[in-house]
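Take a look at this one; I'll ask things after.
Order of writing sets the labels: A, B, C, D, E and F. Residues in every chain begin at 1.
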Amino acid sequence: MSQYDLFTLGETMLRLSPAPNLYLEQAKQLDMNFAGAESNVASSVARLGLRTAWFSSLPNNPLGRACANQLRGHGVDTSMIHWSDEARMGTYYIEYGTPPRGIRVWYDRKNSAASQMTPDMLPLDVLRQSRRFHVTGITPALSDSCYATTQAALSFCQENGITTSFDVNYRSLLWDAPTAAAKLDPFCKQADMVFVALRDAVNLWGMPENIEEARIAAYERWGGCVIVTSGHQGAFASDSGQTPSVGSRPVDIVDRLGAGDAFAAGTLYGLLSGMPLQEAMNYGTGLAALALTTLGDLVYATREELEQVVMGSSGSLRR
Amino acid sequence: MSQYDLFTLGETMLRLSPAPNLYLEQAKQLDMNFAGAESNVASSVARLGLRTAWFSSLPNNPLGRACANQLRGHGVDTSMIHWSDEARMGTYYIEYGTPPRGIRVWYDRKNSAASQMTPDMLPLDVLRQSRRFHVTGITPALSDSCYATTQAALSFCQENGITTSFDVNYRSLLWDAPTAAAKLDPFCKQADMVFVALRDAVNLWGMPENIEEARIAAYERWGGCVIVTSGHQGAFASDSGQTPSVGSRPVDIVDRLGAGDAFAAGTLYGLLSGMPLQEAMNYGTGLAALALTTLGDLVYATREELEQVVMGSSGSLRR
Amino acid sequence: MSQYDLFTLGETMLRLSPAPNLYLEQAKQLDMNFAGAESNVASSVARLGLRTAWFSSLPNNPLGRACANQLRGHGVDTSMIHWSDEARMGTYYIEYGTPPRGIRVWYDRKNSAASQMTPDMLPLDVLRQSRRFHVTGITPALSDSCYATTQAALSFCQENGITTSFDVNYRSLLWDAPTAAAKLDPFCKQADMVFVALRDAVNLWGMPENIEEARIAAYERWGGCVIVTSGHQGAFASDSGQTPSVGSRPVDIVDRLGAGDAFAAGTLYGLLSGMPLQEAMNYGTGLAALALTTLGDLVYATREELEQVVMGSSGSLRR
Amino acid sequence: MSQYDLFTLGETMLRLSPAPNLYLEQAKQLDMNFAGAESNVASSVARLGLRTAWFSSLPNNPLGRACANQLRGHGVDTSMIHWSDEARMGTYYIEYGTPPRGIRVWYDRKNSAASQMTPDMLPLDVLRQSRRFHVTGITPALSDSCYATTQAALSFCQENGITTSFDVNYRSLLWDAPTAAAKLDPFCKQADMVFVALRDAVNLWGMPENIEEARIAAYERWGGCVIVTSGHQGAFASDSGQTPSVGSRPVDIVDRLGAGDAFAAGTLYGLLSGMPLQEAMNYGTGLAALALTTLGDLVYATREELEQVVMGSSGSLRR
Amino acid sequence: MSQYDLFTLGETMLRLSPAPNLYLEQAKQLDMNFAGAESNVASSVARLGLRTAWFSSLPNNPLGRACANQLRGHGVDTSMIHWSDEARMGTYYIEYGTPPRGIRVWYDRKNSAASQMTPDMLPLDVLRQSRRFHVTGITPALSDSCYATTQAALSFCQENGITTSFDVNYRSLLWDAPTAAAKLDPFCKQADMVFVALRDAVNLWGMPENIEEARIAAYERWGGCVIVTSGHQGAFASDSGQTPSVGSRPVDIVDRLGAGDAFAAGTLYGLLSGMPLQEAMNYGTGLAALALTTLGDLVYATREELEQVVMGSSGSLRR
Amino acid sequence: MSQYDLFTLGETMLRLSPAPNLYLEQAKQLDMNFAGAESNVASSVARLGLRTAWFSSLPNNPLGRACANQLRGHGVDTSMIHWSDEARMGTYYIEYGTPPRGIRVWYDRKNSAASQMTPDMLPLDVLRQSRRFHVTGITPALSDSCYATTQAALSFCQENGITTSFDVNYRSLLWDAPTAAAKLDPFCKQADMVFVALRDAVNLWGMPENIEEARIAAYERWGGCVIVTSGHQGAFASDSGQTPSVGSRPVDIVDRLGAGDAFAAGTLYGLLSGMPLQEAMNYGTGLAALALTTLGDLVYATREELEQVVMGSSGSLRR
């Protein structure tokens, strides 16, 4: 039996935020959290009961330790983290506002420990023991060595029969669209499954704005299993001739961030639990709905609560 | 002249809650309050200017004292409370979430001081000096001795000409529906006035889902004065051939809990102040509207503010 | 070159408020801020990059100093403030509630240092060096000596060729409508530009409730440039034969207070920057939209953020 | 039997304070409490189990109501309070600092409701039903009408055989020492018992700095029972030929304010419970010790906890 | 190689506390933590770099999960926890005060999930894979089934060659001294190592008050290795003819609770790392010193920080 | 007349800190402040009533703006700040602990905007208009270009007759002692006045540990006016044959950081106000005493409060 159901790789950052509706410029206190696309997925899948691991490089200081503590608290295995005595913690500041103000983010992530990951740091022994591997397009965008690390991990999985998924997650502050399109394309081809936001499909590869057409274009380009997502329309997949889709759920949005990661986590949880793709995507939109009602990236839901949302029975108070 | 306008009996619990939108599982701080259906009514009616008393058993420790302080601060007479050196404080945890998450409640109320009340603890001398007595279906659900205590209080009132009201308030975590239906039926018959949520009328006694039909069914079953309530539709009463009703008010809901108690409190305040039932129910929906915009069970409104809501003139800022 | 683009005069008060949705009566902590119609305008215009000054009298204690610090922090020149060793800080308490509860305000402003301003305190040397002067109808309402001070400032500007604007801002807790109408009318005539809420135009001078008709009536009464505003309908101006107007913007309202001041600030910023009135009013409604999404009176927006709102491009997260 | 064991009269103010060690000028949040010398005494004595009442005038707004709620919560009867629709809440700001910074206080108490009390407001019916009356030298310092009210209350007690106590409590910000000395002297003579700080005895009436000599001087001047107190030395009394004294207790001081009121409360509690003066003063220093370890004026101790301190057995954790 | 360096067994409770210096009775917010003697030890030893596990029964609700998350976050293996759908979370309330007020604790721990542990729940497979087992005298005091569980675990270790340690930790609120003495005596004899507070040695078994004599008495009674501790005097051991001792360290005490557990953790860490007892006890007093300066039971120190304290070099700021 | 009394140059950082006694690793919230040696001096001197300016480079984002707002709020002229669109905000984390834990600081300051200052950014026009210039040894340690900038500023002052002061302030995390000694020596010689901690004098230049001898050694090495400081012993100067000294003041230390800057600020304030050095140093130790009782680097004292400390009359509460 494999040691892990899901192995992930990426950067987790210190996330500092003033209270909702306050401007960062006026804040006197900041809430302190840790968030990263891949560790969000690992945490959510671990909370739902599967065995997950996360690999990265963290600074060997209280901020790095607090990050590892948080992930470990959710049940993610953090024992293979690379600890750096020199590099810093990637950090970002986030400000919540209602329209016409929007969420605003300021990154201070250059020279982070994670951006200095190299392929030789990869714990291949552990990766070999995993059923699935997941990574996003943020990791290769961090630095050349992170790009090489992502490449090495995906190739290793391919060679060792470990199923891979790749979430495009384009970050315009890290690289421009043409560069990202060129550099991420091979990963999309290589991965067994691709998650891509409709917005990114259009911007990076000029795919159609119609989501049904976009999934065809993506499938034609990358093959395997592709899932195109749109906050308003839901998720549309194409996989070996089947084209399952799920609509988005009605939600009172509290915080948009983390919904994409939650969708990936719910879907991967479903697949790892043996569900067909359609049902797995239902778990994906269910977890995304819970993420949208949660301040911060991480959903503290239990499997039971997720199942109630999936079955549409939540929201009524029992007392 | 009677000493009290309203005498109530029931359990008040410690209510611990994380900040809105946080999961209890992620909380590092909890807000501390005290709430109970009957003491909510007593507090609101006292705040509106009448003389009220509340009887219960509380643990003789800082939690019990803080509970009594809070009620006394609103003007409720707490001098007859039974203090227990052994028993514990009933406690519950409450988590607020927006849809599809809902409000969730975890009770830790077993073996509370209140659940150990017995009929001989009742301060009958004081009860005798009261104009009205109010109790809910939660109190008899706490334990056999609490059932007997409720029974004793209602019978004493009947014998001494004290008007009684009973709010069904079914709690599925305390007993199942058939048991509750059987055990609460006699109290509904005995009380001069019954408040019942449409939902409970349907679930417990199989009354019609149509609220107008439900009030007829309730009146036929219990006689006296019955008021059937529904958050969306308002309140429909039947009393000696008259069938007054009031719609619900437009409200930006902040917290659903406590609205039912506020409706009872407003209605009882109106009746005790000499209003006809229809007008009293208007005070009931007015106070419920204020409760829905208040975090926590208790409404800090003044009579003046309530009257503005009843007359529809509130909401405009005067400066 | 003038030393200041905008010179303002008025009272800034200590503003104490419980957390949103809490009643003041139940609060255990109060947030501490400072706000005043004219200093709000001076702060916003300074934040947008122009040179502004504010004159008032403040108590020579930590509250007065904290007030000056806050304004100075936003870039307002506070060096000419009159410091009073005797008088107190004007104070108000504000409670936020959702409908049918509304915002409620309790003033404790009598005998404040600002209310004891006299014409001889005016720093005429500095005023002479300013391009524009702005004051609201609150200042003359504070006391007879404040009325005289407002009068002296407006006359001095008229004599020295400094453009003036006057925001009616009727405060019913300071004086009754007929008195205010009579006393403010000369200022409206004297000022080069008048901002008046439709509500005040109707209540004080019996102008038509139709906003387009009201601007005609106002222009006929006072001449110059008049701008009639209404939260729902936007702003309608009449100026030398032209009648520019702007609609209100869609906003998720967090706090209504300060929106009028923000409209004046945005408009004055536009005019001082050389924009035509129509475009300046667009900056006015843009800044008002940001103010409506901000807790507290003051908008911490930058010129860049304001320009995004004006051009309708804000709200999308870049990361 | 009398209705109240202790009746008090005086002003209770809103007390706003930043967190310890912060300057008021830098604060963004203020803690909100209510405190007053006489209501502190009434609250403490009520908490210890006796029946107390407090009379004053409060503004009819949320601040006045919150003040009454707090006192009522501790068990003080507040039903006879005079509610003023016009006057304001006396307010003060307090800043804690360690040496060489000290505690600093800024008063904003002019024109408060309490300062407008008049003799005809006194609830003489209730006062007549009380065993003891207590007032401090702050009350007559508030205004001429408060002086007259104090005078009327003390005379009424004298005529009706109600034992009176007077705590000098000189406030240099309200009046100068010679005036206070002249105006308070008659009250000290008239009261059955006088509490006076050694510092006040020296400053106002030129009594000796030696505390043992001061008590002789005070007794010679005023007769009755006098208690001279000094934080470092304890309390020295002279009463009908007896001269009991108690030393101060070792304490880790958290907040000096309120210790004098606690000493008076503990001593009065002891006397009302039938203890000899020496033992009562022991309860006084015990309660003062608890007050010194409490942030804020009010001690939340129970009689049991006080008795442990008096007997020197507290401080050990039982678990 | 064994799977765990240290296996522990016991109850961890929800720990609710107001801010320092506030009375629980006056609190409006409570800090939420989790603490238990054995899990404190497991957490500290895990933080220092060894592999630890903790076994208990927790309620299957957010409180139980948050408890497990916290321990897991520190690196403790919690995978074998028994989850109870019925039982509640043991809870206690703690109030900090400076002398003459002391720390006060109110327990609400009856009927907790942990108190319902039975021997058959023990994960013997895992225990078998551990180098050391540690338990305190609190666990057997919880219930008869917990007593049997403790007994079963100690016997299993004895039979399987796993080194055991037992910390007496008498809790007077759970059982009386004679009962505890009789019931704990066999465990002290059976364990390879006993930690006992001098206070408990005296109260339970009448050992001498002189700590050097007490260690002789304990050694004579129980054999093996005994360590007698006293906050003021340090720790005195007796082990196979050797009698190492360490003094206590100078500390500015912030919170006394948890120091005993930290001493045990530091000592066990030292022994598991191969140090002689004397040096291990130095790590024990070092960790206890850090615990005394930490609010809450758990020390967030790293091995590096602990080593600095042990070597006396900490306290100087490097920047 | 010069435009500024004091011109300073250096880095101000974002300062993030958990509540006192909490470990950074366990924090969930961080307090947000801004601090820097030179801006601390500029702020304090501005608060005391003189005209000061501060030059640096800040990132053009909310953190940079909040930093400028804070300084401007204290009255420091920030109009010449260089705004960087690319570089980041220097940041540090600070954790307070009582012995044997100490204050701990983690810097994350590499690549800050300030570290990228170059000589050509210097606002020489403004510097020319200043009476005094102050800089510390931290600024040249930031980068080569910062070293050159410091050099250029000091030389410009020398050429233009502006009095200069230099505070050694060795930072071991930025460079090693021999490098710092060699690089800072010329600045010490060049400056008209040198502040040096005894600790730095010993470590960097091997001066005697005896403070009286150290001042002789420093004076012989650098000439001009030298002031050697030691927290415990006070400050010892040597200036043109005079050797004034002041002892340290008794203080309940709340936070050691910022005391050195406060000493420099107080001394410079005194000198700029025309006091002899001895008296100026008295203002220095007075302000340092206030800084030691303040959480955070900045003293919010007024000149009046400082004068009370200097004259030894503070600490008594007037009310």
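As a working rule, a residue touches a chain if its C-beta (ideal position, glycine included) is under 8 Å from a C-beta of that chain, and two chains touch if they have at least 3 such contacts.
No experiment lies behind these values; they were computed from the predicted model shown.
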{"item": "Neighbouring chains shared between chain A and chain F, ordered by label", "value": "C, E"}
{"item": "Interface composition of copies chain B and chain E: same or different, split at half", "value": "same"}
{"item": "Chain centre separation (chain D, chain E; CA means) in Å", "value": "46"}
{"item": "Separation of chain B from chain D, taking each centre as the mean of its C-alpha atoms, in whole Å", "value": "40"}
{"item": "Shared interface positions of chain D, touching two or more other chains", "value": "23, 25-26, 28, 62, 65, 69"}
{"item": "Residue ranges of chain D touching chain B (in the complex, touch as defined)", "value": "62, 65, 69-70, 72-75, 302"}
{"item": "Chain F partner contacts - residues on chain E that touch it in the complex", "value": "249-252, 254, 289-290, 293-295, 300-301, 305, 309, 314-319"}
{"item": "Contacting residues of chain F [partner chain A, same complex]", "value": "16, 23-32, 61-63, 65-66, 69, 88-89, 91, 93, 95, 106, 108, 110-111"}
{"item": "Residues on chain B engaged by chain A in the complex (per definition of touch)", "value": "21-23, 25-26, 97-105, 107, 171-173, 256"}
